[in-house]
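After this come two complexes, each holding subunit A, first together with subunit B and then together with subunit C.
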Partner chain A sequence: MTFAAARAILRKDLAIELRTRQSVPAMALFSVTVFVLFHFGLDRNEIEGSLASGVLWVTLLLATVLAVTRLFAAEREDAALDGILLAPVDRTAVYLAKAAALFLYLVLLEIVALPAFAVLLLGPDLTDALPELLAVLVLADIGLAGVGALVAGLASETRLRELIVPLLLLPLLVPVLIASAKATKPLLMQVSATTDLGKWLGFMALYDMVFVLLAVAVFDYLLED
Partner chain B sequence: MSEALALDALERRFGERNALSGVSVRVPAGATLAVFGSNGAGKTTLLRVLAGLLKPHGGHAEVLGSKLPDEAWKVRGNIGYVGHESLLYRDLSIRQNLLFHARLHRVPPDRVEERIAAVGLPARASDPVRELSRGMVQRAAVARATLHHPALLLLDEPRANLDPAAAEALEPLIGKASGKTRVLVSHDVERTLAEADLSLGLRAGRQVFAGAADAKQVRELYA
Partner chain C sequence: MYGRGLRALSIATAVVLTGAAVMVFFYAPKEADQGIIQKIFYVHVPLAIVALCGFVAGGLLAIKQLRTGETKWDMRSYVAIHLSLVFAVGALITGSIWAKASWGHWWVWDEPVLVSFLIVFLLYCCYQPLRFSIEDPEKQARYASVFAIAAGAFVPINFMAVRLATAHIHPRVLSKTTDGSLPTEMLITFLVSLLGVALLFATLWKVELTAKNASMKLKRLRRRLEAAEHAAPSGPPSPEPVGAP
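Up next is the complex of A and B:
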């Protein structure tokens, strides 16, 4: 039943996003704008290695903050969350649905942001590194979505959520940032370099598992009175 | 189950302030409890406690045979709540909202169209809630609250924003004719007393009377 309810909530969230187009376009526009700013701010047409990796992941992380801040926006209007809380569904369904929605938003964001990054800033060709990069992106997105949905739930009923979300979320995501930047760095080099990809992917998988399980365990209490 | 609601010295606080204190009342299944009190008396807080949306901080509360807050999960899905807010998603249509709630409550989808017809909104069922008048939103909220055939209706000014014809049309769903146990909050003293089996008077969160009440007693609450 939890998964059926989660599917219903996810379907509803996607229908709202499709109608309002508030989260994904904002994230994509923000990311492209930041890449343009870096392009001019660094005064370089091409970057590579750790600089490229850092710019990419910090931008994606900050774009995530935008979506997390809005993740419960529809529920806040007209107390719609109460409608879910009155239904015979496990509160975990809300978490799973929100995390899945955020994961999909991130995938859509990256479909726009990666080509923009490649065109505006990146020196090396991404084509060869794409399979490895996709693995990094998937594991990083699970971490961002898992922690993002938890923080969104925590901040949803607070008045200062625009402040609380980044203050809580960004420190929690530092391990994801380190691992994804380290894993991506050799993939964005002009010349091939030795890579610890397996180690960092393993680290991210562990991080994802720990935080998703932790979130599933505590989310019920976040939505309690 | 003979009693749908059993409250004994119920308490609820917000910080240091007592929003409900010493509320005791028993409501048989199928009966209507009218709750009276001026603004801020604790009526909405009482409904939210009964719905399991707020935890009681003291006393004893039993709803449909389940003790709150420990067994609140048992009564979820058996309560129809109409509050000040519609609990609907403004960017979805009435139909999308009701289909969403039908999935949560495991109600067959064909019941959605039946409810839309029952509240007289087939022509606007595909419009986003954001574009509807307040009266229409209220009708949609009633459709949502009664979609899953709840045993207990918690109704906070359910006829607010409704024209007389719409209010009449909703009677089979939320009126005495529904046959459900109802907790009804309304400032329409005469009409509410006429359809109530029991009354509860609240002043600043404290119970002033419970049981049979007359219009004079109720009016004194608002004095």
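Up next is the complex of A and C:
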């Protein structure tokens, strides 16, 4: 029941995104722009190691903010949330659908941003490290989507939405940034380095689990009345 | 309802805090390595511990609020978080002073406790903007509670992440394994200071809740008075007899 409702809401969100093309193109364009900014800001043509992983992850985090601000936009504009809430479905469905939509947006974003990063800024070749990098990306995306959908719900009723979302979301995502940047750093080195990938993947799995479960538990209270 | 026991609590706080101050300067031995500056430890660490406990307590009170839907729990959670923020500013400032004195820098990034404390502080700085940008009071309570719960769960996870990521240089004065040499006098002084700061937190919490409660009651009474005035005809009762000839 919950999952059927979540699927329906997700399908609606993806249909809207497919027709209006708002969030994903904006995120992709934004991340390419930030890479250009970093090129000039750092005054570097090629970066590697911790600098490269830091630039990549900070850019992805900032691009996430854009999608989170827009996540409940369709519901808000026409008071469509009331319609969803009138339907006799579990409120958790809304959270699951929004988190899944955000996850898909992030995957699409990375399909554009990662090659752009490799071409524009990255020194070492990316192909060897791709399987490990994919594992990091998937776990990080689950965390970003889980926390992002919760923050979008929290900020949806406030007047200062555009200000609250980044201020709230970015500190909450600091553990994801720490773990993903640390895990990615050895993958982007010119010379191969020792890696403690397992430790960071484990930590991210823990973070994802805690926050998704927590969000499922408390999201009901955000959409009452 | 919050005023009860407030006087006893305040007196206890004043006594313990004074006792702690006396102990810090006259009882606890001077640290051989850092000298007098080490005394800031008796302020900094209790402030940080109490602030973190206050944040987590705010989350627990928020759970209670969501369970019962009563505004008093939201009020308690709000005051706990609000006071913890003030204590956290104190902990950050004293920590910075201590870092400057003992390591020569105002800020040290490879020091997990201070760094995670800063992140937690930045997160909680959003609590009030979020809360007060929601107008409906009932909704405000619910959203603030959800934030308090999520942020309360974030505190330990964040500590774990930062600790995993950094080398340890923070003086681990309390754990016996790395540094078993904390003298008993220091430990006792520290515990008294911790108790004093915790009592201070409790007193301030109670004071603020009493004040908020009283002003809420006053507002309610005033509204009732106004309603009564509106219901009754204004001015003194009319003197003319009802059935005039």
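Everything below uses one rule, namely that the second predicted complex is superposed on the first by the 224 of 225 C-alpha atoms of A that agree within 3 Å, B and C clash if a C-alpha of one lies under 4 Å from a C-alpha of the other, contacts with A are read in each partner's own complex, and residues count from 1 in each chain.
Operating definition for what follows: contacts are C-beta pairs under 8 Å (C-beta built on N, C-alpha and C of every residue); 3 or more make two chains touch, one makes a residue touch a chain.
Since the structure is predicted, the reported quantities are computational estimates derived from the model, not experimental observations.
Q: Between subunit B (first) and subunit C (second), which does A:74 come into contact with in this model arrangement: first, second, both, or neither?
A: After superposing on A, A:74 lies in contact with subunit B but is clear of subunit C.
Q: A:36 in the overlay: touching subunit B, subunit C, both, or neither? Say first, second, both or neither.
A: Neither partner.
Q: Mind working out whether A:150 is in touch with subunit B, subunit C, both or neither, as first, second, both or neither?
A: second
Q: Go through the superposed model and pick first if A:174 touches only subunit B, second if only subunit C, both, or neither.
A: Touch status of A:174: second partner only.
Q: Counting only touches as set out at the top, which of subunit B and subunit C does A:88 meet: first, second, both, neither?
A: first
Q: Where does A:5 make contact in the superposed view: on subunit B (first), on subunit C (second), on both, or on neither?
A: first
Q: Have a look at where A:224 lands relative to subunit B and subunit C in the superposition and call it first, second, both or neither.
A: Both subunit B and subunit C are touched by A:224.
Q: Who does A:16 touch here: subunit B (first), subunit C (second), both, or neither?
A: Touch partner of A:16: subunit B, not subunit C.
Q: Can you pull the subunit A residues that subunit B and subunit C both touch?
A: 224-225
Q: Note which residues of subunit A are touching subunit B in the complex, please.
A: 1, 4-5, 7-9, 11-12, 15-16, 19-20, 74, 77-80, 82-89, 224-225
Q: With touch defined as at the start, can you tell me which subunit B residues reach subunit A in the complex?
A: Where subunit B meets subunit A, its residues are 51-55, 73, 76-77, 79, 81, 83, 85-92, 96, 100-101, 103-106, 128-129, 144.
Q: Within the complex, which stretch of subunit A touches subunit C?
A: Per the touch definition, subunit A meets subunit C at residues 150, 154-155, 157-160, 163-164, 167-168, 171-172, 174-175, 178-179, 182, 199-200, 203, 206-207, 210-211, 214-215, 218-219, 221-222, 224-225.
Q: Help me check something: in the complex, which residues belonging to subunit C touch subunit A?
A: The contact residues of subunit C facing subunit A are 66, 119-120, 122-123, 125-126, 129-130, 133-135, 139, 142-143, 145-147, 149-151, 153-154, 157-158, 160-162, 164-165.
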